[in-house]
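The structures come next, written out as C-alpha cells.
Look for chain A in each of the two complexes below; its partner is chain B in the first and chain C in the second.
Up next, the complex of A and B:
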C-alpha cells in the first residue's frame, strides 16, 4: 500500500519491527498538513496549552501558575535554599510545559477545541491545590461548573455549553499572553458518549520524548501510530522485540540492581508507546509477563546473565504465545473448513489469513468473501494475499454485508481481545458481521468462529463498546483513499500531473486540438482526482458548528453470536474464556 | 474378559475384543469397552518402553476407530485412556519416565481396571444426582435405549411401595423396530426398560417419534441419554434427540441430559453435518439409482462382506446444540452445558 502523501515523520523501520507481520496503511494527509504547521505560538501558548494534557494536568497547572510567579520571586534579592529549590522546580516545570505545548501545537488542530471544553475541570482541580493567583482562584468555582456543563451536554447543546467554558478558560489562561484562538473554537468536537475516551492526543513526532526512550521504541511508537505496525499480535511481537533491544542496550546504573531498576526504565518506554497509540490487550499481557520475569531475577545475578535470560524469555514468549500458537490455531481452524464452504471474514486478521492459506494448501476447495471497512481497509492486503495464493476471493465493504452473508457457510473472525464474559473485542464492524451471520433471515444460521491466541484473553469484562474503546483521529475519516490498490485505476498522483499538463496545454496553446483531446480524455480522471484531493465535503469539519466526527476503533460482539473460539489450547465455547485465561496465566 | 484371554494365542485383535466385550456385557458403554479393550491390549503386548507402548496404543486406537461405524462414543474412552497414560508417565517419581517400566505397566493396568470399575459405578451416582429431577406427580418424556436413563428412572421408582418411591409417569418414545442383525428380538430399543418400569408400577405410555410434539404438552420434563457429550456442552445422541430438544425448547419444557463423565468427547461440532462420521441419512436417489442398488445388493448377498462400514439405521446420530439443553446430569454433578468445557479442560490440561 503506498502512502498517499509524504507525511508523518516515519523513521527508518527498525529492524525489530521489520520482522513482524504488519498491515500497512496510509497515514492521513491532514495530520501531515497540521504537523508541518509552523510552531510559532510556542511562547504565547505556554499557559493555554497545558490544560489539554489531561493526564499530566498537575504538572501543567503548576507550570502555568508558577511561571508568571517566577519573575516576582527574582525581584526579591534574598532567597532561602528551599525557595531556590522551589524556583528551580518551577522553572523546570515551565520548561516541560513549554515542550509539551510545542509538541501538541504541532499536532492536529483538533487538540485545541477538545482541550478547551473537556479538560478545564481537571486543570482547576489541581490548580486549586497549587499556589494559584488570587484572581483566578476567585473564578474557579463558577468555571468548574460551566466546564462540567459543557462536557455533560456536549452532545446536544454543546455549543451553548462549551462557549462560556472556553471564554472563561481564555480569561484564566490570559496571564500567559492571551491565545484567543482556542477559546473561539471551543465548540465541542468530541462525541459526548465517548467523551471519556478522548484523553490525550496521539503523539505526532518524537520531539519531546524522554531522553531515556530507546530509538527502537521511538520508531516503533510512530509505526504503531501510523498503523504501519497494526494488529494485536503484530504490535505485541514488535513491542517485545523492541524491548529486547532496549534490554540489550541497558546497563544498570550504580547503586541499583537490574530487577529493581529495569522495570521502571521499561515503564518510560511503555509510557511513550502508549502516548503513540493506546496499548492493546496483548501488549499489556506481554508486558505484564515480562515485568514478572524481570522481578523474578535474583538481584545478585550478574547483569549479562540476567539480560541473556530476559532475551531468552522474550524469544520463548513470542514463540510459545504467538508463533507456535498461530500455527496450532491455524491447523485446528483449517479442519473446520470443508470443500464447498464460503468463508466470510472481516478486515484483515493475520491468523485468519494463516488459517485460510493453510486450508488452501491442504487442497480444500472453498471461496472467501472478505468484508472490509473504512478507514483502515485492512482487508485489501488480505484479499491480495489470498488471491495471489490462488484462492477465490470476493471483496466487499461492510455495507454489502447482507448480500455477502447470503452465500456464507462459515464466518471466521480475528480478535483484538476476548473478555472474561466471553465477548469478542475486535475491529469495529466485527459485531455487525457476526450478528448478520447469526440472525440471517430465512436461512440456517452460520457458525461464527473466532481465532484468538490466549495472550489476547483478558480478565476484564465488557458489557458494551462504550466503556472501553479507542478513538482514532477523526481526520482519518475525511481523507480520500487512493483508489488504485485493487481496482487497477491509474495512480492518482500520475493522473493529476497529466491532467495538469493537459490543462496547461489547453490554456497556453489555446487551439491545440491534440491538447484539447487529451484534456477531454482526462476529464473523467480529473474530476475524480478533484473529488479526492480538493474537496471532501467534511474537510472543514472542525470549523463548522454542530458537526462531530467519530472514528471508533473497536466494538464488542456478544458471546451469543460466537459459536467457537479456536485457541492454541483447543476449541472452546466463549464461556470457557475465563477458565483458559486463568490457566494460561497461572502456568 | 474370558473371551479375550482365550484369543491370546493368536495376535491380539482389538476390534474383535471390543465387539466381544460389548456383546458379553449389556451394561457396558462404548467408551468403557474401548478402555477395557486397550487395557487388555496392554496386558497382551510385550512392549517394554514407553514410546513403544504409546505407539502401539495409537495404532490400535486408529484401527479400532476405523473399523467401527460410529467411533464418537468410543473415542471418548480411548482419548481419556491415552491422556491418563501420558499424564501418569509425565509425573515425576517412581512411575515417571525415570522409573522402572515394568512397575509403570503394572500400575497402569491396575489403574485401568480401577477406572473401569469406577465408570460402572458412576451410573448409580448419576441416578442419585438425578432423582431430584423426577418429581412426584410429574410426567417424564424419554427416548432410546439409554442405560443411564433407565437406571435413573428405575431408581426414582424405587422399591415397590417403599417410602421413598416417587409417583411419576413416563412417556417413552420408541423408534420403529428395525431388522436387527442379531435377530434376537424385533422389538424396538427401550422396550426392556418399559417392561422393567411397568413392573415397578410406573405407568408407561409408548409413542412413536412422530407423536412427540403431540405428547409433549402432557410431559413436564424431558430426560434423554447421550452417546457423547461434546466440548461446547452439546450432545451427540441417537437420531431423533435433536428434534425432541427443539420441541422441548419451543414448548418451554426442561430438557435434561444424563451422561457419565467418561462420555465427554474432545470434539466440537458446529452443526449436524460437522460430525466426524459419514452418515447416509439423507440419500437422494432417482429410479435409476434404486435399480442399481438392487442389483448390487443381489451381488453382495452372494458373498457376505465382513464388517460393513455403512451404519444401519439404528446407529445414526444427531447433534443437539447446547442452547437446547437445560442441564447435564453427570457423575461429577449437575452441570450447565457451559461447564462441560471446563470439565474437559480440567481433564486435558
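Up next, the complex of A and C:
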C-alpha cells in the first residue's frame, strides 16, 4: 500500500484535473488491498490527510465519480477521534476487499485487473450490473454512507432521501449475491425448500459496518446475533433504546431538516441490525411507528425540541406497548391459572414467565412443565428463574411433549408474532406442543393460551412455516458434548501431541525457549482437546456431500390450535388478530 | 474411554462369547444382570441374546420330555422377563420357543411326519428365501413343507452334545444362509435313529429364529421399492438399522430425499453417526450393519433437523418411515420418545406413517396401562453437568419411549410383508400360542 500510494499522489499533482486521477487513487489501493495488510493503510491515510481539503472541494465538483474517496475523507474530517478513524480504515479495507471479490465474481467482463487505467472501466463494468453509470455512482454513495454526502445529494428532499436508502438495500443485496456466488459450493448445504431464506450470512464482526452506525447499535447488533438479546419483545425494546441514543447523539446536517434526514440516517442503523439478524416483527412495527413519528414532526421545529419529542415518543412506546402491556397481559393471563393446574409452556417466553411469576405471587398452587428445544435451550433460564422463585417446575425436551401434555391442564405459549390469519408464529416446536394439546388421546382438549402484545401483530399472513421463516447457522446444531474431562489436568493424549509440537517448534531455541514453546503448545493443545471433546460425528458435515443441516428458528401454529390470545387489549380468539392490528395501527 | 477395553465391555458380544464356556446357569444370571443394567438395550440384541440363551438352556437340559422342557423354558423366561419387563422382545422369543416345544410335542403325539397343514398354523419361524416378495401364504406353506421334510432327521440323545456346541458356536451366525443347510447334513450324519427327538427339533427351530433375527432387516428391506417412489421426501427419526437398510435398498434404485429428525437427547449421537457415516461409538451397535454406507454416499440428500422442526417441515413430507422398539397386539407401538409427536404431526398433515419392524418385535401383550410401558432414562442427558444446580430444584424428565396408538399408523411392514395395524392380531395368533401369552 505504501508503495502504491506514492504512485497515487504522482498523478494528483496534475490534480486540478478532476475525475480520473482520483478514481485511480482510490482504485489502485483497492487492487492492492488484497495483498495489503491493515498496517499498510495507516501511512496511506496520513499521506492523504494533507490533500484533504483539496480533495473535498474536488469531491463537491465530481461527487458522482469520485464518490468512494470523498466520504472517507469527510468522515475523518467529521469524526476526529483516533479509534473512529481506525475503524473507518478497517471498514475501508474490508469494503474494498469485498468490492474486489464482488467484481471478480460478477464477471471477468470487467476487464484486465492490472493497470490503473483499466480500473475505471472495471468500475463501470461492476456498475453496469445495476443500471446506469450515474446510478452506480449513487449506489456507492450510500454504501459509504456518510451523512454529509447524503446531505450534499439531498437537496431534493424526501424523495432523494428515499433513493439512497433504496440504493443501499440494493447494494447490500448485491454484496449478498456476490457472496453467494462465491459460495456456490456451499449451495448444496442449503436445503432446497428453504432456498429463498438463505440470504446473506449473518454478520460476524463489526468490520465492514458503515461508519455512521452508532456504537450502541453496533453493540446491539452483535448481541442480537449471539442471542444475548433474544426474544421478540427484548429485541424490540433494545432496538428502541439504542435508537434513542442514536437520536440523542444525532445532529441534523446543514441544509436539511431533521424529519427529512433522520429517517435516512436511522435506516443505516436498521440495515446494519438486519444484517446481524433478520428483524423481528415487533422490531419492524416499532421502527415503523418511530419513522411515522419522525415524519410527523414539523420541519420548522427546533432540533432539540424534536429530539426531546422523539425521546419521549420512544419512552412512551416502550411503556405503553411493552412494559405496561406485559403487566396487563400477565395479570389477565394469571387469572386463568387456578389451584392445581399443570401449566405446560414451550421454550422461554418472557411474558409467560411474568405470568407464571405473578400467579405464583398471588398464592396460586400450580405446577409448571417446561418443554425445551435444541439448540437454544431457552427454557433452561426460565426453569431456573421459576425454580428460584419457588415454583414446582418440571423440565423436559421436545421428545417428552406427549408425556408432559398428558398431565397438563393448560398450555401457555409466547409468541414471536401473530399473523393476520390468526396463526401463531413462534419458536420452532411451538406447533408441536399446541398440536399435542389439541390431539390428546381420549379427546380431552387442553386449552392453549397465547400471551402476545399487540405490537407483535402483523398484517402478513402465513400458511406454512416454509415461506416465512428465519434460518440460523446450522453449525449451532452440532452438539457440544459435555466435557469428558472435568479436572484441569491436561489430557494424556494431548500432552504427547503438544510435546511433539514443542519439539517441532522449539528445535532451534534454547531449553527455556523450548519450555515456553511447550507451555504455549500445551495451552493450544488443551484448547484443541476441548474442541475435540466437543466434536461430534457431524463436525465435518460441510465436507460430506448430500448431507444438509437445517436450523430454522420459527414455525407456524395453525389457528385452530389456539384457543385464546391474551393481549393488552383483552383476550381474543385468534381470528380477531387482524381487527386488533388495524385498530392499533390506526390509533 | 471404555471403548479401549474392547470386547470385554459387557454387552451382547461378550455375552455370546461367554455363553459357550460358562455353565448355563451362570449365563442365565449373566443375561439377567445385563438386561437389568441395560447393558443390552436394543430390541434385536435382546432378542438375539434370549434366543441363544434358550438354545443353550435346551441343549443343556438332559430330557426329551416336552413338559419338562416347557417348564424349564418357562422358568428361565419368567426370570428374564422379570429382569426387564419393558423389553417385550425377550418375552416374545420365550413365547416362540415355548410354542416350538409345544408344536413338536403335538407332532410327536400324532406321530405324523406329514403335517404340512397343521404346521402352517403353528409354524412360528419365518420362512427363509423371502427376499423376493412372494405371496406370504405360499411362502409360509413352503416353510412348513421344509419343516416337515426335516423331521425325519433326528439326532441321538446321547451323542449330540458336540453337535449342539457346534450349533451354538456364535460364528455360525455369520454364514447365515449356510447354517441350516450345514446343520441338516450333520444331523443326517449323526442320527439314523427312527425315534423322534423333540430337543433336536426345538434346537433347529431356535436356530431358525436366530437366523430370522439376523436376516430380518434384509427381508424387510426387500419391500422398500414397493413403498418408496422417485423424488419422494421421507421423514424418519432415530438411527434404526431397520429403517436405514430399508432406505438404502430403495436408494440403490431410486432418488429421494430423507429428512432425519435427530432424536435428541437419547439417540442423537447414533443418529448423527448414521447420517454422516461415521462409526458409532456404541459398542452394542458395532456389528457388521453399522459399517454400511450412509445414505449420503448413495447420492441421497439427507437433511438433519432438530426434533422441534418436524411440524414445520411436515407439510413437505410425503411419507414418514419409523422404526420401533416393540409392536403391541392392538396395532399400537412403543418407540423411542418423540415418535408419537411425529406420528401426530403426520396425521394432521395427512401424511402416511409407515412402521418397519421385524415380526419378532410383535408382542401378544395388550397395553392396558400405557404408562407401564414407558421407561425413563438418564436425566443428565437433558440437563448437563454444568447445570447441575438446576437438578436440585426442578424435576427433569427424560422418557425413553413413547406409546403410539394404532390410529396414527397407516402401515406396518414386517418381514412377512405389509399389514394394516388392524391385521396385526392375526399375525400374533400365527406366531404365539394362546397358552403362552401369559408365560
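Following the convention adopted for this analysis, the second predicted complex is superposed on the first by the 346 of 587 C-alpha atoms of A that agree within 3 Å, B and C clash if a C-alpha of one lies under 4 Å from a C-alpha of the other, contacts with A are read in each partner's own complex, and residues count from 1 in each chain.
Everything below uses one rule, namely that contacts are C-beta pairs under 8 Å (C-beta built on N, C-alpha and C of every residue); 3 or more make two chains touch, one makes a residue touch a chain.
The model shown is predicted, which means the values in this text are computed figures rather than measured ones.
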Superposed partners chain B and chain C on chain A - clash or fit: fit
Touched partner set for A:447, first chain B, second chain C, both or neither: first
First (chain B), second (chain C), both or neither touched by A:583: first
Contacts of A:573 with chain B and chain C, given as first, second, both or neither: first
Chain B or chain C, by number of chain A residues touched: C
Touched partner set for A:563, first chain B, second chain C, both or neither: first
Nearest-approach distance, in Å, of chain C Cα atoms to those of chain B in the combined model: 18
Chain C to chain A touching residues, read off their complex: 1, 262-266, 268-269, 272-273, 275-278, 280, 295-296, 299-313, 315-316, 336-338, 340-341, 344-345, 347-348, 374, 380, 382-387, 390, 393-399, 402, 405
Complex contacts: residues of chain A adjacent to chain B: 336, 410, 444, 447, 449, 563-564, 569-573, 575-576, 579-580, 583
Of chain A, residues touching chain C in the complex: 191-193, 373-375, 380, 383-384, 387-388, 392-404, 427-429, 431-432, 435-436, 439, 441, 464-466, 469, 477, 479, 482, 484, 486, 536-538, 540-541, 544-552, 554-556
Chain A-touching residues of chain B, taken from the complex the two chains share: 231-233, 266, 268, 270-271, 274, 322, 338, 341-342, 345, 348-349
